[in-house]
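There are two complexes below, and they share chain A, which is joined by chain B in the first and by chain C in the second.
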Partner chain A sequence: MDAVAYASWLFIVSLGMTLVFGVLKILNMAHGSIYAIGAYAAATAVSLAVSLGLPPAFSLVAMLLSAVAVAVTVGPLLERGLLARYYGRDEVVLLLVTYALFLMLEDVTKLVWGVNPYYVSEPAQLFGNVLFAGMRIGGYDLFLVGLAAVCGLITWYVLNRTTSGKIVLAVIHNPEMSASMGVNIQRVYVVAFTVGVFLAALGGAFTAPMISVQPGLSVSVIIISFAVVIIGGLGSIQGAAVGALVVGAARSLAVHLMPEIELFSIYLVMAAVLIFRPEGLFQSVKARLI
Partner chain B sequence: MFSSKSKGNTRYRLLSMLAAAGVLTLAGAAQAEETFKLGVVTFLSGPAAESFGVPAANAAKLMVEQFNKATAPAPYNKPGFGGMKIEMVLVDENGGGAKQVQELRNLYQRENVDAVIGYVGSGDCLAVAPVADELKKFLVLFDCGSPRIFEDASPKYVFRTASHAAMDNVSLVRYLKAHNVKVNTMNLINQDYAWGLDSRADFLAGMANAYPQAKMGADLLPKFGAGQYGTEVSVLGGKQADITYSSLWGGDLQGFLLQGAARGLFKDTTLVLSAADHVLPGLLDKMPDGSIIGARGAYGILSAKSPINDWFQASYQSMHKALPVQAGYRMTQAFMGVKMAVESAMAKNGGKKPTPEQIAEAMRNSTFDTPGGQIRMALGDGHQAIQGTAIGKTKYDAASKRVLAVDVQTFGAECVNPPANMKSMDWIKAGFPGAKCN
Partner chain C sequence: MALLAAIVLILAGLLAPAWLQFLVTMSAANGLAVLGIVVLMRGGGATFGQGMFFALGAYAAALVPTWFGIQDAVLRIVIGTLVAGLIGALFAPLLVRYRGIFFAMLTLALSMVLFGLLSKSSLLGGSDGISIAKPTVLGMSLQSGNAEYVLYCLTVVVSVVAGWLVSVYWNSAAGLMALAVRGNPLRVEYLGASARGSLGTSFVICALLGGTSGAITAQALGHVEPNFANWTTSGELVFVAVLAGYRRVPAVFAASLLLEIVRSFSNLYFPNTWQLVLGVFMLLVIMFRPEGLGSLWPVAARRQADPGAAVPPLAEGQP
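And then the complex of A and B:
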């Protein structure tokens, strides 16, 4: 259960990262910063909801709305205002641009929200805990498992069962050919990046009730998310799900059986996957387009 | 009547006095205009900023203002440092040891600071101490806890104005024993880096003396900044123990407490936390009542009432709209130590700006009073401070909306710090020989 709960959180965050890489071929280092902004925005929204005397359940809606607000403001702004200027350059340049963005957003969050922590545990308290096999399981953890499943299913459905999704898949497969067929690539890029931002912000927003929201959130998230998407295969949604489960299981087993190798266990699994499947579990070798 | 000779002598004396007065006035004016440039290094960003770095920076700003305006109480009521206006250069500690080494060189060699007060991270302290000695520049470590700095080396220009971390865990063990807390089983959760591992080792060594029968349950070492403690809470919940010890701090401690409380983890175990005062103002009723906490000194809600502490708390609250927590206290005692050392050195050198050697000589083996109690530079050949500390239990007061400390016990410096001739771990393992506890 610990592994599934941890994997659910990881999956929500990693899903956005892998989607952005799949469509835009950008390994977005600023993904963790957007996660942090989502957490801060949710903390502000929940505090506001509580101060207005709104019903406790509304705090869940407030968190969702805050993630949407972050996505629609930050997503298009960053994609159109910054990243679009670097398309066509080497992927390393884009990696460095997002790294610079990561550093800047760290300071932006401090400028906007300060350095003092925010606590918004009210949404988590709504769910209480349940007794399972003699152990208390947090109801909010179970809720996050459901949320992750919903995010994964919606993303899968949209990509595989809708026309818009098929257009996105076409762009992932071959952007030049898609453009020649009349696909508005720019729009796909904006939408895909905004959805990626939404998923990062959603991860942050729904993590906020479990933690103290304060500077430094983004670093640990980005590192562990990289491990997930590399294990699963960069750009693969199924890969992100399996990668999150693998990382969650490795970490939980280590904490239960050998706590001193907790961190090592995650990277051991990643190294093992890369030895046998350098492209990740769900990514096949692709022929280079000339 | 004056003779001509005596008239001449009198005129000569008058002229001499006028000349001397003029020189003194000019010297005074020069001194009044002279500044003491002070580098201050603490976390202004990153995970340690909120808990330690910014409260410490806030205290530094307060000290600069109060000292420059000469509004601090005696014996700190002279303007600036010995009449020299303090000019602070504030530097972010975030970025790791290698960066801090370069930043420290910049402070001394480019900014030409006269002294540096700084460093929260033990790794940073270990990295920068040799640099100060190499450059023969005065450095005061204000916060980091590693005993190794003065137990494994003897830097000449480096001082630490706060006790090292052994005190925190020895006092916790003594508190458990003094209050007859039953400990047959114990769980541990500490971060997997220098601070967490050193704290764990000190606590276990102390418990081996005080509670030899106590059995270990879970012994967890999550990474620094883990954030998610679901699995750890499951493991701890699965191994019920009389106490759960932790040296977690900042966001990690807050996250652990929130997630543990949500799953009822702390209903059947007593939390024993070595450095928890700084999370109380934010957690409020989310902090489990009855938790045994330390603050790495008699600080904040564990501090004793005294005129200097009242002044510090009131002026800090006035400037920063919050009560000071441990890092603010430690920064304050570093400032006070430097002020006393500079002014003591100036008293011996005719009122000139002292050299790093003169400041170091004045600080060695010095004693000074601070809001957190008396500081004695008693270890490490007079370079490492010892101080008293306090441990208490938490109780949320709904009326004042504050977490209060109850059953507070104070410990004298020589009760919870090793003697000068022993390393801290040897002293703990040997059962605290020579400790003076009243």
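And then the complex of A and C:
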């Protein structure tokens, strides 16, 4: 059961990264930093809600709103102001650019929120515990599973059943052709990146009740979401879901059977997938250039 | 030229205070690891896993005193280098099948696997790491008075020799082919050479240099820890590599020294914003000087990249 809860958390966090890669072909190393910003913003929002005397259920809405706020401010700013200047360059150059961004955002969060940990536990206490088949499950974990399912379904629905979603799919497959057909590529890029930022911030916001929010969050998250995204295939949503389940299962197995390898069981799986099927489990195998 | 640099540095070191000697020692050691990354960058691969070889060299140098009783610093460095090079040669056939971000991600994953192994292994010190007994250098034991200076001289000699060897490689046929592989591997294959072989060679050189760097750092710090293999360590080295560029060897060591100075300075005065400064600086370098600091010597760049051409072969801004 905790594998599924962990996998849901992974899925929410990694969905944004795979979406950004699919559309913009950028492997965003700053994804973890945005996750951390989302967590901090949620902590601030919840304590604001509590100090305003609002009912505890409102804290969930506060967290959602904080994620939206982060996405709307940070997303377009980063994409237009920074990343757009480096389009057309090698994808490794963009990787380095997002790495530089990660460094910068690390310190920005420290400057804005300080280095002391924040605790925001009200939302988790809302849900209590549930007895299910003889096991005690945290209600908040179930909520996360539901949230992950909702996110995944909404994303899948928007991409596959709405016109704008299909336009985004077209841009993923062939930006040049889409531009010739009259699609506003710049707008698609900005929107896709903003949605990716929103999902990262959402992941951070809804994780905040489970942990203490402090510097260093982003580093631990980046590697894990890389592993998930690469296992599932960059740019594939089903891949992110399957990748999350695989990593969640691997980690739970490791924790229960051989706790020493917990840390690197995930990287082993990632290395194995990279070796045998580098496109990930859900990508079509592309023709190899040398 | 290299010999002159070595002599000048060794003599200058006599005048420098101990903390400056240590600073230069550390920056030269890091510079060696960065040199490895630069060799690989020039050959067409981007690595976020140099920490793996850095840690391998460091741990090898740390463990041989306890396991085999080897006290000599030079021997420890040689062993550290060879261990890292061996592991690099083992993984090279696997890694050269990939390019671009997959190559980078695979090196990162392998590095993190090593990090996990080292953190959890109580035999190898766990997350606290291992302390190292003071080495002897070519038979002399180090007193506390001149320990820094002797290590400084040793590091300078090793760095100059390594830098000279690398520049020899860069001007050789194999090295020039590496540059071609970076630009267009498909064309290299059609011309009859092996792009994968060239990338493999670059990778093994990178591993060797990483091991040397780790071994020297282990001696200078007196302590090794699993964090050497963490991707954040590799990330810092990549930053210096981007700053230095792949055109000139001295640029690598200059950039490494610059980073150490900035790091010491900002740790003292702005502990919470120096990563911000690093990030901004890196973005500026990528935007305005994508070939790194080394490209500030345009004549040398032209001569090194294409000895026969009258026109600089690679335009600014091309990957």
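Couple of notes before you dig in:
Note that the second predicted complex is superposed on the first by the 283 of 290 C-alpha atoms of A that agree within 3 Å, B and C clash if a C-alpha of one lies under 4 Å from a C-alpha of the other, contacts with A are read in each partner's own complex, and residues count from 1 in each chain.
In the analysis below, a residue touches a chain if its C-beta (ideal position, glycine included) is under 8 Å from a C-beta of that chain, and two chains touch if they have at least 3 such contacts.
Being a predicted model, the structure only gives us computed values, none of them experimental.
With the C-alpha superposition on chain A as described, chain C and chain B clash in the combined arrangement.
Of the two partner chains placed by superposition, only chain B is touched by A:Ala5; chain C is not.
Of the two partner chains placed by the overlay, chain B and chain C both lie in contact with A:Val219.
Once the two complexes are overlaid on the shared chain, A:Leu96 sits against chain C while remaining clear of chain B. Contact with neither chain B nor chain C is seen for A:Tyr157 once the two complexes are overlaid on the shared chain.
Of the two partner chains, both chain B and chain C are touched by A:Lys110.
Contact with chain B, but none with chain C, is seen for A:Arg251 once the two complexes are overlaid on the shared chain.
Touched by chain B in one complex and by chain C in the other are residues 106-107, 110, 115, 219, 260, 263 of chain A.
Interface of chain B with chain A (complex): residues 45-50, 53-54, 192, 218-223, 225-228, 230-232, 234-235, 237-238, 250-251, 254-255, 258-259, 262-265, 279, 282-283, 286.
Across the complex, chain C is touched by residues 27, 82, 85-86, 89-93, 95-97, 99-108, 110-111, 115, 219, 223, 226-227, 230, 260-261, 263-264, 267-268, 270-271, 274-275, 278, 289-290 of chain A.
Within the complex formed with chain B, the chain A residues making contact are 1-3, 5-6, 9, 106-107, 110, 115-117, 119, 121, 124-125, 129, 135-138, 140-141, 207, 210-212, 214-217, 219-221, 251-252, 255-256, 259-260, 262-263. Those residues of chain C lying in contact with chain A across their complex are 46, 94, 98-102, 104-106, 108-110, 112-113, 115-117, 119-121, 185-186, 188-189, 195-196, 231-232, 235, 238-239, 242, 272-276, 278-280, 282-283, 286-287, 290, 317, 319.
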